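Some structures to go through are shown next.
What follows is chain A paired twice: with chain B in the first complex and chain C in the second.
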Partner chain A sequence: MTAALRWIPRAIVLGLVVYAIFGPLANLALWAFAEQWYYPHKLPVTYGLRFWHQVFKPRGDALESLSTSVIIALLTVALCLVIAVPAGYALARLRLPARALIMLAFLLPQAFPSLAVYINIARLFYGLGLNGTILGVVLVHTVHGLVFAVWITTAAFAAVDRDLELAARSIGASALRTFLTVTLPLAAPGITASAVFVFLESLDEFTGTYFVGVPDITTLPLLMFTASIAGNYQIAAITALILLIPSIGFMLVVERFLKADVMAKVGT
Partner chain B sequence: MPGAGLEVAGLEVDYGSVRVLHGIDLAVEPGSFVALLGSSGCGKTTLLRAVSGFVPVSAGRVTVNGRDITAAPPDKRGMAMVFQSYALWPHMTTAQNIGYGLKLRGIARDAIKRRVEEILAMLELEGFGPRMVTQLSGGQRQRVALGRALAINPDILLLDEPLSNLDARIREDVRHEIKALQQGLGITAIHVTHDREEAMVMADRIVVMDQGRVAQHGTPEEVYNRPVSAFVAGFMGAGNTIRLSARPTEAGLAIVPGPNNTGATIAARALGPGVSPRHDGPVVAHFRSEAAELADPETVGDGTLVLSGRVEQASYPGGHYRYAVSVGDRKVIVDAAERLAVGAAVGVRLRAEALHLFPDSEQQGRLP
Partner chain C sequence: MPKHEELLRAPVKESRILPLCLVAPALLTVLVLFVYPLCYSLVTAFVDKGGQPTLGNFYRAFEFYSVDIGFTVVIVTLSTFAVGVLAIAIGGYLTLGECAPAVALLRWVYRWPLFIPFVVAAQCMRTFLAKNGLMNNSLVSLGLLDPQSTVGFLDWRGIVITFVWKQLPFVALLVSGAMASLDRTTIEAARNLGAGRLRILVEIVVPQVRPTLMVGLILSFVTMMSVLSVPIMVSGESPTMITVDMAFRINNYGDYGAANALGFISYALTGAAAWIYLRRGIAGGGKP
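Moving on, here comes the complex of A and B:
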């Protein structure tokens, strides 16, 4: 009896947690399949796939913005890795006196209110003709993603034992050959994880895209925003579900690749 | 393929503002096995890494067969290093690890395969080629690390404490295996260790290092029997010390009788290199516990040095008894076959060849 009583507060807390996590998701799922839903009804009046047809119709907005989103995300990942792999290796291996400062510098874009930063970036990009271009959006996303990319790749390289590289050098491998055949393969899981983070960040990014990309660039989050402003909750819900798929998929990948030894070195 | 000769001249290495090697001079004969011996922090590993090119050199030269390689990158030195951690690549199989250096040299796939099989057979690792190195035991990993280094036929094999992660029992075997391989291949080997016995068993020549300097360089017998400094004597196992007073006589160096010791005369030819036969003043005598003998406490004046003391502690480590004997305010360890009671008065006889004498001064144990 007392044992059962003790379970009551726990059950309440668990219930609240479940509600907080799955409540909005359930609402999303309902909206995605609701054809009609208005006050005072607690649940949709009619269900159907009409809006799915609308979203996925050939040459529809959703598919186009999905491909824009993916292209931007892939370019962002590529650009981030081009910077983060050499930077991460240098930060992990070389004895740089300003190492901590450099690591912090990558965090700076996150430290300031993003609206203020993006408004000014938008102003600058106007002058450079980068507003409303894929390149402009990719640059904004890269600045945002670089902190994950650099910090995680630095940790991944730092987790590779120096002796493993020296062993290759000592039996005749050049520095580059050692990097390509020993260091890079061993750091690959961590680098993959950082790429996944950057990809997801880019896919979800809204503020920067809004200021730099609108009206020429429409990514999935922008489409969702427009749809919900206009009261098209079904369209917004379906786009949100589409955005959820890569997030969940990649989180599983990251969970597999980011080992404890790498995580332990993040930010050190 | 005969090994190469190595010469190190005036080598200095700094870590930041700290000098860790103070002008090392060392010549290694082709095909010989040299042990760099010292306690941790003495600079032996730094010396090995400077020779291999992993540590930048502040001054001095490293030459192999007369070729100056001081500025050469590590991969252009014709050396191969075996690491304490083995440093095997976990993303490769045993065969890939061993074949890596051959692949770098653009050798044909079949030839690599044959050479790897040959190495595996030599190290008694037949059949382990396709295994991931993470599935091997410590002893097997150690042999793969050795095989990886030997596969490329290096001029010089560098061994950085490769045995210190092995079980004591396996270590004994591996010592002899490595020595046999080195002799069979005629390769030059430089071995870093802090283990005196390991150095004695494996090496042709021992370089005892202390605080970034060479304390003594010689054959195992020389370093063991004729230490040039109190440091070397202590490091080579002559850990008992006793303060005495000496003065020169015609017959040799005389030990002045003291409250706890008899007088004795040590012939000049029996004196080690640590003290001059004309030394006049205090000396420190180093001796090994197994080189001392127990004597009747009443013995006097038979020409050998006898310390008078009292048994403080007795133990039986196997084969003989071990006594802690207090002599004045000092305590010495003496091994003996006879059984004595704790508290018994006892004499400790030290023959001339058991004694390593050094001048007792502030600079003792440090070569200039």
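Moving on, here comes the complex of A and C:
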């Protein structure tokens, strides 16, 4: 009986937490399937998929923005990995002067409020003809995602057992071959995790794209923003749900990607 | 085994230049695409359109936006503080909680917003917190609120709620991770001496995870300081946050001077926050 009584306050607090987390998400889901919803009705008057057809109609804005977003995110991941994997290896394994300072340099884009920097990047890019281009947006996303890419790949390389590399070297493998056949495959899960981080960061990025992408690049977050400001709540909610799928999916599996041994070495 | 030692050192001896070459592309990216625009913004804040040094940009920034600057400080500070307190509460319950099902439920629930983008969080809150949004509707349905007395939260409170909802999982994840890796012996010793869980949390656990907590809070502070979508979408009214003013100055007047002056103020506020936290260590609940 006392055990049951102890559950009452616990259940109230947990209920509030669940409500606070899922209430806003439930409201979004309701809007995505509401065809009509007006005051004083507490729930949508009619449900339906009419707005889904509108969003997903062939050659519609949403599909175009989705493909723009995915292309930008994939290019950002590719560029980030190309420059972060060598850097991560050097930071984890080789002797570098001012190593701590170099590690900190990659944190800079997260350590300053970035909006003021974006407006100046946009101004500089305007002079270079990079405004409103895919490349311009990819560059902005890359510099912001680089901290995840470099720090996590560094941790992933640092977590690889040195003895395995030494074993490969002592049976005659070259340094490059050892890297390609031993170190890189063993660090692959960590590198994949960093790639997913960068992908999500790029897919969700709003402010940089808002300034550098104008007027030609409309990614999914920008489309959602425009629809919401214009009062098209259904369109905004459906676009938001599309953005939610990868975010929540990754949240649920993040620990499978980022093993504890790698996590422990992040930022060191 | 000398042979292994040789192998270990060999590549390093061979070239000092190789490690630098491997790091250079990544480092150059940050320097060219971040540090250079950052310096450019710092310089632009202090020169006029003709390139002469001036404080006119700051004069304009304060003349038009001093209310918004104060508003931004209050919103971001309040949000950071709330995130700190709630992150300690969540981390503390996950570490010290005795009821396994409740701990498991909380662990599963609290991080849902972790990777949700700010624009999506803003859209959720824009509908949830409205006068006739789901929050008020559900409270009225439960009989906890009178239908005539509902108020919307789409103002500064909405911005704070959105920021806390979005940033709390990140800080709570860091803090609970740090708490989980603490040495349990001091906690068990205190418990054996009869200390309550709240006291253990405040006097033993929190002081040990303070560095992690501070890093999380400072990163959150910076992030909230640069969000444009949430203030526009959640609170359309004036006063608003300086990120909105910066965008407005540029889109409507092409006034990079005043925008960069506001940008400089946002760096200064962040720097001041970091300095206060590091110096006085009043992280989270304000406990020493």
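Rule of thumb we're sticking to: the second predicted complex is superposed on the first by the 259 of 268 C-alpha atoms of A that agree within 3 Å, B and C clash if a C-alpha of one lies under 4 Å from a C-alpha of the other, contacts with A are read in each partner's own complex, and residues count from 1 in each chain.
Criterion: a residue touches a chain if its C-beta (ideal position, glycine included) is under 8 Å from a C-beta of that chain, and two chains touch if they have at least 3 such contacts.
No experiment lies behind these values; they were computed from the predicted model shown.
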### Task
Identify the partner contact of A:V140: answer first if only chain B is touched, second if only chain C is, both if each is, neither if none is.
second
### Task
Please indicate which partner A:R169 is in contact with in the superposed arrangement: first for chain B, second for chain C, both, or neither.
both
### Message
Let me test your reading of the model: by the given contact rule, A:L186 touches which partner, first (chain B), second (chain C), both or neither?
### Response
first
### Query
Which partner, once the models are overlaid, touches more of chain A's residues, chain C or chain B?
C
### Query
Touching A:R177, do we find chain B (first), chain C (second), both, or neither?
first
### Query
With the two structures laid over each other on chain A, which partner does A:D161 touch: chain B (first), chain C (second), both, or neither?
first
### Query
In the superposed arrangement, which partner chain does A:V70 touch: chain B (first), chain C (second), both, or neither?
neither
### Task
Find the residues of chain A that appear in the contact set with chain B and again in the contact set with chain C.
166, 169-170, 175
### Message
Applying the document's contact rule, which stretches of chain A touch chain C when the two form their complex?
### Response
10, 14, 17-18, 20-28, 30-31, 39-40, 42-43, 82-84, 86-87, 89-91, 94-96, 102, 105-106, 108-117, 119-121, 123-124, 139-140, 142-143, 146, 150, 162, 166, 169-170, 175, 200, 203-207, 210-211, 221, 224-225, 228-229, 233, 236-237, 240, 243-244, 246-248, 250-251, 254, 263
### Query
Which residues of chain B touch chain A in their complex?
52-54, 73-75, 79-81, 83, 85, 87-91, 100-101, 104-105, 145, 148-149, 151-152, 154, 158
### Task
Over in the complex, which chain C residues touch chain A? Could you list them?
3-4, 7-8, 11-12, 16, 18-20, 22-23, 25-27, 29-31, 33-38, 40-41, 44, 99, 102, 105-106, 109-128, 132-135, 137-138, 140-141, 147, 165, 177, 218-219, 222-223, 225-229, 232-233, 243, 246-247, 250, 256, 259-260, 262-264, 266-267, 270
### Query
For the complex, which residues does chain A have touching chain B?
161, 163-164, 166-175, 177, 181-182, 185-186
